[in-house]
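Next come two complexes built around subunit A: one with subunit B, the other with subunit C.
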Partner chain A sequence: MAPADFSAAKQKEFTYSLVVTQGDITPYGSASFVNYVRWYNIARDALLQWRALGFDESLKNSVETEVSFCNIQYKREAMLQDEIIIKVNSSEIKDNEFTLLFTLIEKGNALLISLGKQKIEFRNFKSGEILALPQPLIKDVLKPIEVDEKNLLFKY
Partner chain B sequence: MGMKTFNTEFEVYFEDISPAGKIHLEKIVEWMSVAREKYFKATCPEYLKFVESPLKMFTTNISVIMLDSARWADKITAVLAAANIKKISFEMHIDFRNERTNKIIAKTMQKVAFVDMNTKDFAAVPKDMKGVIVNYIKEA
Partner chain C sequence: MAKKILVVDDEELVIESVRRLLKREGYDATVVNSGKQALDKVREGDFDLVVSDIRMPELDGIQVIKNIREYFRQNKKKAIPEILITGYSTPESFKQAQELRVADYIYKPFDIIDFLEVVKKSLKKG
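Showing the complex of A and B:
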């Protein structure tokens, strides 16, 4: 039984919308798999906007987002002019690494198009050092959309 | 005897790399697509007939592990081998090797399956294609 204070409204996520454009599609009329990577990266970078991350001022021009692992499952085709929504959640938040989970659905009918996963860290590209995650990033950006992957309906 | 692989050469341009020297994820996945198409074009004599047939090959899953960096003008070799060949699907494992450092910069996997567009049902891997990919099976 769900706890008394359970509410679907508490299931938070970051969302990003886009439209499948002419340049995304193949002769089959559907978006090629390469585009899903690009779309997930756009959604990721919209979430991780530098002003909110809390890195030290001196690091702001030398921090790079690094994806050490990426997995994408393709469930359905995305067709030209489809309006799609990418829902983003976080999981496995560690000292210097976290995971983003992407759920790509069609806006009109909520059909699942794709699932994606990225393991992310931040590197000081001048020194090569992997940086600890700043507390504001964890508290304000990642924790509000955190899920436990083990409890999810989908396997990412 | 060593494993038979299909190799495709790429060169790193400025737009392909980040300040840390990481090849952009989008570029690696684009190179996976190019390596796959070159492989089929070079090894399957019936590739044009396949494109015009109702049989469609589609990607069901890809994964990428990023391992090392590169710099402008590096030569990268995509080393492709087949794995997990099943009735309707198989995997292509493509490792990207930086020829300057001799290090693998990314290990990738792409799983593909086949659908008959007339019936919308899954279809078997075409015989001529299967006859080729079994020659490139990845060593365990």
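Showing the complex of A and C:
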């Protein structure tokens, strides 16, 4: 059976890996919850490193990412030296905003650590204007990892 | 009669969601959270499909499927289709699923509409 026959071959997501370090943990040895937020932001920025893609040349140094909504669910603790995988999918892609869904798992046993959701828009910090999403960003970055949130196994 | 599906996963959130989903769709779903319990259930009753997580403590999904197949072979029972699910997909787990020749392989978080399609397709292979 060829791998392409498996449904997994059609599933798409952006993944970012990191290891829990000494600086992430509390005196009790587990990562503080606030780090989950920070890890989501790191994964988001890795995904959107090309956010200037498609913006006018004049705007490229004036674009900032704005999170207009954020939700995080704690499922279990992450411990020192745990390898973490953050899976990112996009959802609800509109003209000037989109949603990112984060699934944070521990690599060793694939246990769910946290679920997260961020609604994102781009703002011209000089003018304060919310910018339309450039088509290349939609087509090349967001669409390939798009899911329908209401159909997903987990509720974010 | 409703098709009987055995779901094996150590993630409570997953087994509860999948159990509710399968029940809503008219399947008779039995959920367990370890490979050992899965083998006990298979010995107790007949199933039409097994859905198993790959990564589980003690007995992983690959071994669970191998053991179930061995039980069927020894007891001259008809083999049933299997679906493997995993928290994240690696080339190694893809290769393992391919070598095992399971009916399908999917990773979390999956689309439940896709999952139900996979279940239907896999049941037809039984």
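Going forward, the second predicted complex is superposed on the first by the 148 of 156 C-alpha atoms of A that agree within 3 Å, B and C clash if a C-alpha of one lies under 4 Å from a C-alpha of the other, contacts with A are read in each partner's own complex, and residues count from 1 in each chain.
Throughout what follows, a contact is a pair of C-beta atoms (placed from the backbone, for glycine too) under 8 Å apart; a residue touches a chain by one contact, two chains touch by 3 or more.
Predicted model only: the values in this text are computed from it and were never measured.
Undergrad: In the superposed model built on subunit A, check whether subunit B and subunit C fit or clash.
TA: Once subunit A is superposed (C-alpha atoms), there is room for both subunit B and subunit C without a clash.
Undergrad: Now for A:127: first (subunit B), second (subunit C), both, or neither, which partner does it touch?
TA: Neither partner.
Undergrad: Using the superposition on chain A described above, determine whether A:151 touches subunit B (first), subunit C (second), both, or neither.
TA: Second partner only, subunit C.
Undergrad: Quick check for you: in the superposed arrangement, does A:64 touch first (subunit B), second (subunit C), both or neither?
TA: The first partner, subunit B, only.
Undergrad: Does the superposition put A:109 against subunit B (first), subunit C (second), both, or neither?
TA: It touches subunit C, and subunit B stays clear.
Undergrad: Based on the superposed arrangement, let me know which partner A:21 touches: subunit B (first), subunit C (second), both, or neither?
TA: neither
Undergrad: By the touch definition at the top of the document, which applies to A:87: first (subunit B), second (subunit C), both, or neither?
TA: In the superposition, A:87 touches subunit C alone.
Undergrad: Look at the superposition and give the distance in whole angstrom between the closest pair of CA atoms, one from subunit B and one from subunit C.
TA: Superposition on chain A places subunit B and subunit C at a least C-alpha distance of 14 Å.
Undergrad: Inside the complex, what are the residues of subunit A that reach subunit C?
TA: Touching subunit C from subunit A are residues 1-3, 5-8, 11, 15, 75, 85, 87, 89, 101, 103, 105, 107, 109-112, 147-148, 151-154.
Undergrad: Please name which positions on subunit C make contact with subunit A in the complex.
TA: My answer: residues 10-11, 13-14, 17-18, 53-57, 86-89, 94, 97-98, 101, 104-115, 118.
Undergrad: Please give the residue numbers of subunit A that touch subunit B in the complex, ascending.
TA: Per the stated touch rule, the residues are 28, 32-34, 37-38, 41, 62, 64, 66-74, 77, 123, 125, 128.
Undergrad: In their complex, what parts of subunit B are in touch with subunit A?
TA: Against subunit A, subunit B makes touches at 18-22, 25-26, 29-30, 33, 56, 58-66, 110.
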